[in-house]
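The structure under discussion appears below in the form of structure tokens.
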Amino acid sequence: MLSLGSGPVLRVPCIIVNFKVYQQGYGKTGLKLLKDLERASKGHEGQVAAAVAAIDIRHFADGSALPIFSQHIDPIGFGAHTGHVLPEAVKEAGAVGTLINHSERRLTIADIGAAVSRCREVGLLSCVCTNNVDTSAAVAALGPDYLAVEPPELIGGTVSVSSARPEVVSGSVVRVRKVNDKVKVLCGAGVKSGKDVAKAIELGSSGVLLASGVVTAKDVAAVMRDLLAGLK
Amino acid sequence: MLSLGSGPVLRVPCIIVNFKVYQQGYGKTGLKLLKDLERASKGHEGQVAAAVAAIDIRHFADGSALPIFSQHIDPIGFGAHTGHVLPEAVKEAGAVGTLINHSERRLTIADIGAAVSRCREVGLLSCVCTNNVDTSAAVAALGPDYLAVEPPELIGGTVSVSSARPEVVSGSVVRVRKVNDKVKVLCGAGVKSGKDVAKAIELGSSGVLLASGVVTAKDVAAVMRDLLAGLK
Amino acid sequence: MLSLGSGPVLRVPCIIVNFKVYQQGYGKTGLKLLKDLERASKGHEGQVAAAVAAIDIRHFADGSALPIFSQHIDPIGFGAHTGHVLPEAVKEAGAVGTLINHSERRLTIADIGAAVSRCREVGLLSCVCTNNVDTSAAVAALGPDYLAVEPPELIGGTVSVSSARPEVVSGSVVRVRKVNDKVKVLCGAGVKSGKDVAKAIELGSSGVLLASGVVTAKDVAAVMRDLLAGLK
Amino acid sequence: MLSLGSGPVLRVPCIIVNFKVYQQGYGKTGLKLLKDLERASKGHEGQVAAAVAAIDIRHFADGSALPIFSQHIDPIGFGAHTGHVLPEAVKEAGAVGTLINHSERRLTIADIGAAVSRCREVGLLSCVCTNNVDTSAAVAALGPDYLAVEPPELIGGTVSVSSARPEVVSGSVVRVRKVNDKVKVLCGAGVKSGKDVAKAIELGSSGVLLASGVVTAKDVAAVMRDLLAGLK
């Protein structure tokens, strides 16, 4: 159980499902998907969260049993910014945290640092995405709550991290612990099944971040049950 | 009256108020601002629209008497995009249009062209921001519904476009008409009062895009009444 | 013959060879490639130019019989910019022009406009890359000397523009002529052979921009002779 | 004395002068400036290096007594990149190292990591710029040879780091040592005089990175002698 004083909490191990902008993951159909995830994860030890587009945060968060993450925030405060995602607005809309620096939305290192700081200020959990062991260690120095390591060659592919690049996860866990042992490492790519989840946990991670494997699944409930079984 | 077949409509002359991420323009306080704008513009010939952050579109649009614009869309379709603004989602959340390429959110020319096309496909009005006469003429070739010319030296300042750079507006109107006479030109900076609005219309524009002058005003209703008087 | 008063000249029809950062196109080997191009194009009507990395402009331009283009400039003047390409420096180093907005180095529309203006101020020829008919028409309004239209689906591929997308070239020529008939249109992708060059000219273009087909060729001289034959 | 096997060397303490694209720092006048720096630093213990635009590397490095740095490299290898700075080309042109992630040329964290790796592969010294203590610690994890911390509020200003923000330098030195004690910390802003240099060294740094104070000085030799006196 991670607690930030009176701040938001997300139990680990956890599964964060990134809805991206898949047709199944936005608006009305996205809300249905969220309810499917709620039902499938009910009664399980591990916690499931959903990372959704800014436009959907408020109506997804309203009444949701699962914590909602934004997919991105900008490292800004109130003022003259157009087309940006204000951390205060993400919090007010009901999200408990946010992804930062996803491989599809990269930031400069100065902006990642500023975004993590802004999360702390407004009371949002931060989960920064990284692409290898070195950048995991680097991000750990910025003090986010979580980081999700996504080896680019595994993103969206069919290869499992447990078979193909286990050292990226275990190496990130070791290096991150040395730099800042409060940062939880998630496995951010190469996870398709409960077996992969179990392997990710075995490698020292505190959970997984995944997307298409759940969002575009024919039987979402079955996939989620399998993934959750891997958390034990 | 601009009509896109069965698509959205925005009467001209118009005033588009960009809420940016001012403290007064998001969440609960932003909703109150929107209601103030509704009341102030009731019964006026000219149409008022609000350009708001993606996170606020749905709850602002729900029951709004004023058309809602997004501040930005990404030129993407369904799929693997994280932290982006999907045109389909903007439409589904209740917006009738979107700003594109605001000076605080610049895009490449390829992306502007693709964003305008995506607006047409999903039935959103497009309003592309430009920074001088040349870029206004260039954007006109991409066929947006509106373009708002914002000379950088006037943005956020106290100088009025009517006194300082009237030729940017009148020049944009002339050049745009030659390239594509269906594109309506708005005056996107240097407008603080009804007198400025009247001057912008006199220079050939179809309305104005403004922000802080309204959003951070002490008496929003009074400012709006003054601006609307300038439309006549 | 294009003449800008006392400015630089590039005869049309022309072939601009983009050296990119291929191993064959930089430093000592790049200089050898340039000499091969010089020899192969000697005595031909059509003019051949080389677009090279900033780091190589000075020593390639020194004594070159072929005009040298930069691959990029930044729309800046003297001052506090680090890691940028100053137009004055490109001119002083001996280049006669520059590519702008190549598909591998996209700029915002405001920056393209400013870069074209800076070229005029310092006396460099400008060649702006575009990706379809609409963006070609848009760029024409900015008044560059040339534009090179590169349909993304043809870049680096084996498909010929003459067979696959001839209407992108002919359509660009028509639209550009209406917006600004001083702008010369080049065919920027899908050209592999003299037959493709001939087709590009037949479609109304003033030449071609190409890269790997020449730079990575086993027999550069033979390829160039074939391409130049297509210009007639 | 820093030695990378058979790689490049830069003695510390050092002064790196960033020529930016000041009128005094490019082309012929820049070469004259470099010779002035050579003369002024002759016989001094501390080492002076010049960070220059890619276009000037080759002719500045040719015969230079001072080591030349590039202002930027792209994290790329040979291939289809246009308008980019290839590490191999920087090396071949005669530079011994490069700045990375300058405040005027920010990169994503993934790209900084990749650029540092590429420097190691081709035998270039890497000096990554950071903006505060947290990002200094983060960058240390990526293993560059140097990092230069530049508090944004001191860049280009008249305030001295020794009086205004000494804890940013001393704090960076402490945090960097914990993460990776092979990384040398430079003071990258707020240095105008020999007194500032002495203070930067006293705070634990291995030297300074500065620009306008030298490049735009009326009497460059006098300024350099003063700065070098501060290294002792």
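Letters A, B, C and D name the chains as they come in the text, with residue numbers starting at 1 for each one.
Simple rule for what comes next: a contact is a pair of C-beta atoms (placed from the backbone, for glycine too) under 8 Å apart; a residue touches a chain by one contact, two chains touch by 3 or more.
In this text, all values refer to a predicted model and were calculated from it rather than measured experimentally.
By residue number, over half of the contacts seen at C-D repeat in one listed pair from A-B, B-C or A-D, namely A-B.
With respect to subunit C, maximal separation of chain centres occurs for A (centres as means of Cα atoms). Centroid to centroid, with C-alpha atoms defining each point, subunit A and subunit D lie 37 Å apart.
Centre to centre, using the average C-alpha position, subunit B and subunit D are separated by 44 Å. Multi-chain contact residues, meaning those touching two or more other chains, occur in subunit D at positions 103. Taken as a contact graph, with one node per protein chain and an edge wherever two chains touch, the assembly forms a single closed ring in which every chain touches exactly two others.
By the touch criterion stated above, subunit C contacts subunit B in their complex at residues 101, 103, 106-113, 130-132, 134-135, 137-143, 175, 179. Within the complex formed with subunit A, the subunit B residues making contact are 18, 20-23, 26-28, 51, 53-59, 70-72, 76, 78-86, 88-90, 92-93, 99, 102-105, 156, 211-212.
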